[in-house]
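Only one structure is covered here, and it is reproduced in the block below.
Labels for the chains are A, B, C, D, E, F, G and H, by order of writing; each one numbers its residues from 1.
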Amino acid sequence: MTPEAIRQILEAVRQGKQDTDAAMEQLKDLPFSEMGFAKIDNHRQLRTGYPEVVFCAGKTLDQSEQIIRLMYAKNNNILATRASEELYLRIKALFPEAEYHAAARAVVIRRQAIPQAKSYISIVTAGTADIPVAEEAAVTAELFGNRVERIFDVGVAGIHRLYSRLELIRGGRVIIAVAGMEGALPGVIGGLVDKPVIAVPTSVGYGANFSGLSALLTMLNSCAAGISVVNIDNGFGAGYMASLINRTE
Amino acid sequence: MTPEAIRQILEAVRQGKQDTDAAMEQLKDLPFSEMGFAKIDNHRQLRTGYPEVVFCAGKTLDQSEQIIRLMYAKNNNILATRASEELYLRIKALFPEAEYHAAARAVVIRRQAIPQAKSYISIVTAGTADIPVAEEAAVTAELFGNRVERIFDVGVAGIHRLYSRLELIRGGRVIIAVAGMEGALPGVIGGLVDKPVIAVPTSVGYGANFSGLSALLTMLNSCAAGISVVNIDNGFGAGYMASLINRTE
Amino acid sequence: MTPEAIRQILEAVRQGKQDTDAAMEQLKDLPFSEMGFAKIDNHRQLRTGYPEVVFCAGKTLDQSEQIIRLMYAKNNNILATRASEELYLRIKALFPEAEYHAAARAVVIRRQAIPQAKSYISIVTAGTADIPVAEEAAVTAELFGNRVERIFDVGVAGIHRLYSRLELIRGGRVIIAVAGMEGALPGVIGGLVDKPVIAVPTSVGYGANFSGLSALLTMLNSCAAGISVVNIDNGFGAGYMASLINRTE
Amino acid sequence: MTPEAIRQILEAVRQGKQDTDAAMEQLKDLPFSEMGFAKIDNHRQLRTGYPEVVFCAGKTLDQSEQIIRLMYAKNNNILATRASEELYLRIKALFPEAEYHAAARAVVIRRQAIPQAKSYISIVTAGTADIPVAEEAAVTAELFGNRVERIFDVGVAGIHRLYSRLELIRGGRVIIAVAGMEGALPGVIGGLVDKPVIAVPTSVGYGANFSGLSALLTMLNSCAAGISVVNIDNGFGAGYMASLINRTE
Amino acid sequence: MTPEAIRQILEAVRQGKQDTDAAMEQLKDLPFSEMGFAKIDNHRQLRTGYPEVVFCAGKTLDQSEQIIRLMYAKNNNILATRASEELYLRIKALFPEAEYHAAARAVVIRRQAIPQAKSYISIVTAGTADIPVAEEAAVTAELFGNRVERIFDVGVAGIHRLYSRLELIRGGRVIIAVAGMEGALPGVIGGLVDKPVIAVPTSVGYGANFSGLSALLTMLNSCAAGISVVNIDNGFGAGYMASLINRTE
Amino acid sequence: MTPEAIRQILEAVRQGKQDTDAAMEQLKDLPFSEMGFAKIDNHRQLRTGYPEVVFCAGKTLDQSEQIIRLMYAKNNNILATRASEELYLRIKALFPEAEYHAAARAVVIRRQAIPQAKSYISIVTAGTADIPVAEEAAVTAELFGNRVERIFDVGVAGIHRLYSRLELIRGGRVIIAVAGMEGALPGVIGGLVDKPVIAVPTSVGYGANFSGLSALLTMLNSCAAGISVVNIDNGFGAGYMASLINRTE
Amino acid sequence: MTPEAIRQILEAVRQGKQDTDAAMEQLKDLPFSEMGFAKIDNHRQLRTGYPEVVFCAGKTLDQSEQIIRLMYAKNNNILATRASEELYLRIKALFPEAEYHAAARAVVIRRQAIPQAKSYISIVTAGTADIPVAEEAAVTAELFGNRVERIFDVGVAGIHRLYSRLELIRGGRVIIAVAGMEGALPGVIGGLVDKPVIAVPTSVGYGANFSGLSALLTMLNSCAAGISVVNIDNGFGAGYMASLINRTE
Amino acid sequence: MTPEAIRQILEAVRQGKQDTDAAMEQLKDLPFSEMGFAKIDNHRQLRTGYPEVVFCAGKTLDQSEQIIRLMYAKNNNILATRASEELYLRIKALFPEAEYHAAARAVVIRRQAIPQAKSYISIVTAGTADIPVAEEAAVTAELFGNRVERIFDVGVAGIHRLYSRLELIRGGRVIIAVAGMEGALPGVIGGLVDKPVIAVPTSVGYGANFSGLSALLTMLNSCAAGISVVNIDNGFGAGYMASLINRTE
């Protein structure tokens, strides 16, 4: 709510065009609008097709279902992450258009057309076992209106695989690089391209990888510039961050 | 080097327009060009005014000076980070146009005009003690051609300070949020804006902050989406990442 | 037992009003009373309705049942935390008035009226998944004679939810703030209210949250004053601490 | 700002008693007042004598001095923590009434009478080396209007020292227990009293104490209920938390 | 094997009383005897009744059974630690005199009388959940010829329980103190007695106890002297160490 | 591809002996050959009998099977590590010559003769529970053409067992030393031999071994020279490293 | 104080043999005597020659001096650990009989004859740099009435040095084994002797020794039985523990 | 000493060719020779020119000097690592042929010709700041008789620098790869060569590199095979390990 809007309400009151109660009702939401909380939400609703998101881990099946029902009632696209197949079957029974991305463990319900960004996002993995995290990022990015190029299993232990796909990787407006174990892939890519790289450590590995800590530290300490890092296994976070970067303003 | 370029060289050889040695000379760099290593370098040189960067920590004064001399000879802009005042005085004696950004511990030499991005970068700190890291980010971003808005000391312990500057923060194409101690600032900002947020943990604090680990973990675990993290105290990394995001393509 | 009390016993013995054995019986507990060990226990018994507590984790069903039987025989209210439903069914079969608070995993047996404090305790959670820990705190606080206001799912990623409930939160004599993942909620509340805040980190999250370590460190490093922290997932501890603070002296 | 206050402004506008601009001026601060940010500040100003606090660590002497000058101009009491003697001498030169609490590393300026709480705060240390942290807590608590009882060097390795002072410790409305090394003191006290205990781990010790981590973990894992913990060496935080608990409502 | 013994063998050879092969056979073990490796083993065999020990964790049932069969053939007493009930049933079928100490998860086979030390070992636990570790220590100590006094559930949260048993605890030649969670018990005992205390941290607890790390650090950092620590949950190690200390020389 | 090779292609083009397309086809792989990526692969194919390796952990049964099918089609020897028995049965059904090394959890398919190195590799374990990791190393080394001597269960707690086998251990060109718990074995061996020692920490142990971290740190900090370390439980890595060292050049 | 003693006092009061005040005086100390706090102190004073100990780290020179003066007044032997040479010079000026053990950083004042134990304590170090910690243990043990045998620089990297001194090591009633870096020495000794071994990790080393953590973990995880561990660099603790074990009862 | 050698001694005694005392003298050293302790030492002395090594860190100047004097008296080559310039000047004054390798912080005294291995060792660093560690490795390897090729500053952030030197790197019999910060270099090299790679993490970096821990974990978790790791900053260890591998048998 801009200062002009506030002034108009006050003028309307002064001129008797609006009574006190109605004005109060409008001003009641003032702090939120002024601070932009609702703005974000409205913003998202206005960009038709942008999804609402529910993070299902740590929620009961009932809780997740209930939230999805509420979202569905608002006619929005919906993205449910960390969703079990069991949850999917429940949702499918309710809303037959629900899709399940098994590798990404994501349920998607598309109810509106999604406006598309012009540039694409490259999503790269070091190994086969990193694919589920990459798929979570990909499904997220796609539902937020981005084209995604998947380049999987090009880790630095056989770096020629990476080079053979380098043009495609470099073509993206932003690159998501997913790696477990040593986690060196984002740093190597960061040295080869001049696009922002979002690094996603995965918990893939064993022994002194300490559930992804090794990859996380590698990525944070990368000598190459142009890299920032999200939480271990956080495909959704990477996909969303990349969407914000790729957004055509 | 595109496949077309390779074909042209080969055709020139076949047609006798180019001799074997000259062709070999061109192809000698093939792996690099094909893979884009040199392309990056050329790229940077072609965008006149983009700086070359030297990270001075862990280098002797002599090593740093020698590298800066080499860079200077190429007529480039230069950014030396983690530079002591002692190094600055040496460089100043050689190149009087050198400037010292004391808070950022950065030496800057501007020899060429820097092309400017249209949108700006917001740089926010939680506290006063986080300013040096923020300044390193700001100097970096400015030298890479970005306008920067500094919004300092708006940490979540007195969150109304943050709200009073929210419009300015939100106006940036990308936001750098710098915080030590609990490190909650980026997450709160991430919930209030829909721009990408680059979180920079600092080593500011004491006790169980473990030299920045506390802030780092907070940022990685942020519930708000649209946040990614660079290394502790890595102002340069944040400034460079933001520059890549803010770049007008 | 005050020095006066000891003197009275001795005088009674000297005057032959009390025989040696009875005096010994009284003095047998002396070290405890003098040091206050027994005083605490008596204290609790005297404030009719205050519960006895058993922590069931790490105890066998038989051990827990046996302890609860003993407590029941003393006619006290009983709180069994970390109690499985299996234990509850056993206890229910013995004492039909037993209630099970499933979310809190607590068995409660009310045998006496509980004196009520005048002010209430606010219990706030950042997310849905933090509710079990908050419920353990709530059930504890209620059984110790406090009114509780529950304000759930108001985490900082959508901070407007927090503001809309701020008056209710602030109205408590003491606030329990429960959060996993980044754990920023207590610090934000601490900056908005001037009541003591007891922060409870939860193990909710994934990746670099390291089973609650991330939230724990955030809370310990909070820039806002007026916050202290209990162990990860320790809802009981928070509820008990809040009860001590809210106690009407 | 209560809903009634908003209504009154609107009514005044409607009745022509107040013009639009004046009303806007009042409403301009609405978000802050409505959310209570300014309320806290006003609140503190209204309780005459409550100090303003500056945390000097990580600030330059100039920055600290400048902040203290600003506070002084508002005629408030002032508490500067983690203040070096050098800072004190600067402040002393400006404001001769400044006092230095060397053990606590605190500068105090008293300009107004401080209203006193009725009950006192017990501050206990395990060893001699924990005293500076305890003194920071004590100076803080005193400046916030509390009487403090100091009971130092009563650690569990010679537990009879603790018992001989137990009545005094137990007499406080709230107890601050400060300990390094093994950090067992708060847990033992927690088992002997039924008052809230604020545990402060210190970095005192060597070897596997890991700069206070050992004491911190001990306190978080205490079997005794009624204990919560602040950051390592955070005497100010403990003193402030205790003040909030001891406040007479 | 002493130098004298070597000389005797050589003399016997020189005098023709012993042939070369027999001498070689004796000397073949020389390095071992000279260094005392075999001495230990012989030593143990000579003190009739001392058990042989097998640590069953990480061994298959077959491996454990095979080792126990070999030991049995030598007519020794046997102690199998970390033994499942399944293993016990197998062993019981072979050797009906096998006993199972379920709490200690130990299989014991007594085939010879065990010589008894004169003084006893006190084994103390902080809580009920620490009893399995304490029982492993107790079974070990008993099989090595020690009388054991068990004093369980006397943790510092209710320290009067500890005092009521203090004479019994102090009467031992050496004290084993077992505690999880905060792990403060050994330090408190160490301040009350002047006997060596072997501290055993257990993995009992939750949250920031980090599987026993909290108790381990507490014990290592104990302010009281006369305490040393074994690995987390290592009841056998404590029992064996105590046996060595209690051995009548 | 050597510069000479490039020159020859160019000459052939110039002389019209080769057309442009064929030359391009050859040069298309240039970066790889020039950089040796493909060289490694060819290299391995040329040394007939060298296996291709698939790491099965984190791959689905289908993924592993598909990769093995592809490898099989190239007629190579195959080593599948971290392979479940379930995978083995699948592979066995396809390729009856597949063998399962259960202790090592490895599937091996031998389709070509393996050239043998002249010297052997000693593989030593501290305990029985370390054998699976040692077997993974042994199977790997054998399939890469090395004779292996297994010396198991010779840990430092009974160091005479180690001495009795020392000549055999020392006879190897390189020694793999596998140990969990305290992990001291490699350091002791390193002090007794002058051959390179590859240390493999295992996750065997409990309590403060922290899943192998204890053994890992011990090995990294060994005072003896001539020791380097691979990841926890990484038998394959040790076997492969040893193969490279033992290779007859 | 036994129940009989309490009864006797009461009987004396009843029979008028003792008046109330005298009885109260006796009972006033009851808790302490009953619990043995004072007993320990008396105990120590009664064994003439046993030293009083002051830990100087974290104390000011003035504090340490003041404590030593108090001790001196009681005519006791005194041991000041972690004492700087500066402190020594102060004490020397006051009490010329003060000695300084520079390697151990200990000040010793002998004022009474020290009763000697019959058996000796072996103190072993792995390297030269571990000697200061070993000397602190040795000085402590000697002042508590033990003969000490020093066997230094016999680490496992050159294990034959250890064997050549094994008889001397084994001859002690108890062995203190001091080691940094990998910390394997106590485990190897534990496998060679059947005496209790007190392991002292030191902070000697670099890199992944993490200030002694590596050695600490090694010792806690030792496969050999009969080992317990004190804090990193805690020579005093080891010396005192060994004294308790070596005490002739 | 082989069994045959023992038999011969015994036969000589039996036949009276050797008396008992002489035989005893020979057998006295048996354990050492049999076990090879002395053999190593002899071995080294026999290979004329192999150096003796002293690790100077944690030793006083006097201790280091004394050890070097002793070594010098045996006419051996000497390598003193972690040697300060101050120590060098002392040694230089005694033995003018002493050389100081300042970058490596090593003092070298060559008194005998060093036999040379046929193949060379490649030593590679990621950055400039890693050079001191690499030089320690290089000086070590050279003094043990190896030719060294230094390839410095070829880290993965500018990977084309690595490729331009790949043939030289690959030509070594063994490769030492030194890297701090993210530590990815050894893994990338491991994927490009089929020679054993010894990875050396350095403490170079800042923030979440945790004094080299980041690089250490990266290297341990490398996906490429053929890599093993030494301690952080342990250039000597890497140089010695590489010497053992490069030794011509």
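FYI, a residue touches a chain if its C-beta (ideal position, glycine included) is under 8 Å from a C-beta of that chain, and two chains touch if they have at least 3 such contacts.
Predicted model, so just to flag it, every value in this text is computed and none were measured.
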> Which pair wins on C-beta contacts, C-G or C-E?
Replying inline: C-G
> What is the chain whose Cα centre is as far as it gets from that of subunit G?
Replying inline: A
> Of the pairs given as B-F, C-D or D-G, which one copies B-H, with over half of its contacts the same by residue number?
Replying inline: D-G
> Between subunit G and subunit D, is it the same set of residue numbers doing the touching on each side, over half shared, or a different set?
Replying inline: different
>> Based only on mean CA positions, could you tell me how far subunit A sits from subunit F in angstrom?
In response: 40
>> Averaging over Cα atoms per chain, report the distance between subunit C and subunit F in Å.
In response: 56
> On subunit D, where are the residues touching two or more other chains?
Replying inline: 31, 35, 37, 127, 158-159, 163, 192, 207-209, 213, 216, 220-221, 225, 231-232
>> According to the definition already given, which pairs of chains are in contact?
In response: A-B, A-C, A-D, A-F, A-H, B-C, B-D, B-F, B-H, C-D, C-E, C-G, D-E, D-G, E-F, E-G, E-H, F-G, F-H, G-H
> Which part of subunit H faces subunit A closely enough to touch in the complex?
Replying inline: 126-127, 155-159, 181-184, 187-188, 190-192, 205, 207-210, 213-215, 217-225
> Where on subunit H is subunit G touching in the complex?
Replying inline: 31-32, 35, 37-38, 57-59, 63, 201, 203, 212-213, 216, 231-234
>> Using the touch definition from the top, list the residues of subunit D that touch subunit G in their complex.
In response: 127-129, 158-160, 163, 204, 206-209
> Of all residues in subunit A, which touch subunit D in the complex?
Replying inline: 3, 6-7, 10-11, 13-14, 16, 19-20, 23-24, 27-28, 30-31, 34-35
> What residues of subunit G sit close enough to touch subunit E in their complex?
Replying inline: 34-37, 40, 43-44, 53, 119, 163, 166-167, 170, 173-174, 192-196, 198-199, 216, 220-221, 225-232, 236-238, 240-241, 244-245, 249
